[in-house]
């Protein structure tokens, strides 16, 4: 379970440009939930993910993971239990290393990076099977540098790498936004598959309203640092893209956009 | 494609230039020998550590000294002069090149070049003659008795500190504190300063020293030391001597005399010096080299030499500015006196 | 022959330094100026140990360790005090000047009369008479090749993978639940360890410690890395570490050639021009790769 309790977040505190983003923000994500988050630019979606992961500090409030207060825990320590996929496919992989080396690197997450051999030959078949599931033919390119792959192939690898070990939470930060529609579809399918299989608790920020409606079992709409719509269970199942779009336009008009 | 061509040309140019190095190495075999008239000819490599007034004087004096002994450039002598631009690695590469060119003798000017030359020639029979090495014993070029450690000898530019102190006492009877600026990383300066401190008491002086690490520190250090002293005296410190103009400007404002350590410094505005004439030092070195070349002596059997009679240099124009009168008898002993300040 | 030998000797000694610079500049993308201080640091420690009669072979690991410690300091300044990379190096380089001077006692420590890794009872015993002219070169080559092979091996370990990842993609290291600051510190320590090792061998080859010997070391290292990796970029069979060593020898060859034809005063300008040409060639190729992708 992930909880944000009474979060205050200011940008440029103490200057004339001070801007309050969150003022007493609360959110609880239960185990097994797959939450899609939509909202206009600047509504605080990505900031919320960054706060969850510890990439940015907060002024007040606490972040709780399975009952443990992790507000002051460093980002890299939180990542032991969190997998994260970014919008930019380059951020999830190492371009100057081969596919095999990248997979081995991710496979060792949570363990000691010592002087043992970097590539574990015994796991090669396992990696090959994982890659084969992507249907991108990467299983035959184990010795190819990741830097020479396409954006979609790299994002697929990033997704695979971030969920290779026993993480409990998956944070998806507009992870299909930089991909062409067809590849985006493949990646989205794969994400859903992995979340179900590994029984992960996932939070996905997206600009694609259709994905938000079709995938996941809870839907949040954010606006100016507040949750303006929160659908779960049957409500979520019944909702249509048009409904969300209408809501979305309403808040945008209020803003005068 | 164009770039590739460029790269190939670049590579070819390097290879060719190396070939040239190699071939001249080969021809070096015949460098020493008989010329058509049957007279013996010599090849000498001069390895100078840095571009520097005193070191340049040494080099000129060295060539002069050889000439006095009948070994003259263009007649029976070929000279290759290389300057290491104050880089130790380059100094080694220069002396290695001389060794592979099989020169008859290497002349090394200043301590790092001397050490590099000795190191390069250690397994050969090429003699190394050095000059402007302040302390050959500390540099391990000579043993405690001044005898060579190998086929290497030369001259030291050790300062005549006693004579300098005596001279300062005579010119400034009331002075108490002598200021000395030096660079902490220059071995020669540190050892000269030690000697000054040891001897100062004998003449009723105390030494105030101020260490600097680089040229940028000179200005501040000068201001500070001038607050405390009655006069300044120079070592042969490269950093300080190179900034002498700055020091003289500041000292002149406060009417504090600055004593030099060699003739060039007196020319440009130091009051006086009981110092070295590097041209003379070079000549002495050249004469030593001539003996070795002619086979009259072995470098390995000659102790290193120092200038026995320091020269007294004085600048009367500076004295006038400072309101100091130089006694007639002192003026008479001067090896050279200047009545103007050249800059 | 002699001049080629000198080029190889010097090239291989500075090759060890270039391996260190390769780690910081190419792998970690960290322009580390500590090098100008850690190179003479290795030399200073070596001179001090040798004048005190320590077995010369012990100077090799000792120099590596003291250099590694200097690298850790640079890393801590950068990571913990959040000082920018270039400045952290400058701070350490400046501090090391004093450390070197204090460690060695004076600015110039000759070790002509002492045993060295090139000249001691052991090496004189095992080296056949016929090879005695090659002794120095052989000893240097053994040390350099050993350093290169160990580095190659290390870069294939898990820890080495993490180091390569840190230079490529800092975010990924954090994602792998590792503190990327610590990985940087580790990389800097290995790099400066190698640089100090180069200083150690250099000092014994020159038979003298000279405080100014580190001045410009970073330029030599960078030039070697850039020459090596740019010239052999298209040869995928060649390891980058090998390319860097060859780059270092080429650089020293250029110095020898320049010494032959130009005044040493012009050397730095020639180096800079050479540097620029190679960089430009290298960049052109990179653009091409991108266009095809």
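Letters A, B and C mark the chains in the order given here, with residues in each chain numbered from 1 onward.
Note that a contact is a pair of C-beta atoms (placed from the backbone, for glycine too) under 8 Å apart; a residue touches a chain by one contact, two chains touch by 3 or more.
Here the structure is a predicted model, which is why all the values come from computation and not from measurement.
Enquirer: Closest chain to the protein's overall Cα mean, using per-chain Cα means, please.
Expert: C
Enquirer: Out of every possible chain pairing, name the one holding the most C-beta contact pairs.
Expert: Of all chain pairs, the one joined by the most C-beta contacts is B-C.
Enquirer: Let me have the rounded angstrom distance from the C-alpha centre of chain B over to the C-alpha centre of chain C, please.
Expert: Roughly 32 Å separates the two chain centres.
Enquirer: What is the distance in Å between the mean C-alpha positions of chain A and chain C?
Expert: 42
Enquirer: As a quick test, compute the distance in whole Å between the mean CA positions of chain A and chain B.
Expert: Inter-chain centre distance comes to 70 Å.
Enquirer: Show me the residue ranges of chain C that touch chain B in the complex, using the header's touch definition.
Expert: Going by the criterion above, the answer is residues 1-4, 6-7, 10, 97, 101, 106-108, 110-113, 202, 206-208, 210-213, 215-216, 231, 250, 252-257, 259-261, 263-265, 267-268, 277, 280-281, 284-285.
Enquirer: Using the touch definition up top, name the residues of chain B that touch chain C in the complex.
Expert: Residues of chain B touching chain C: 3, 6-7, 10-11, 14, 17-18, 20-22, 24-25, 51, 82-90, 92-94, 96-97, 99-100, 111-112, 115-116, 118-119, 122, 138-141, 149, 184-187, 190, 213.
Enquirer: Spell out the part of chain C that touches chain A in their complex, as residue ranges.
Expert: Result: residues 154, 156-162, 164-165, 167-169, 171-180, 293 of chain C touch chain A.
Enquirer: Quick check: in the complex, which residue numbers of chain A touch chain C?
Expert: Interface residues on chain A, with respect to chain C: 74-77, 79-80, 83-84, 86, 90-97, 101, 104-106, 108-110, 112-119, 148, 162.
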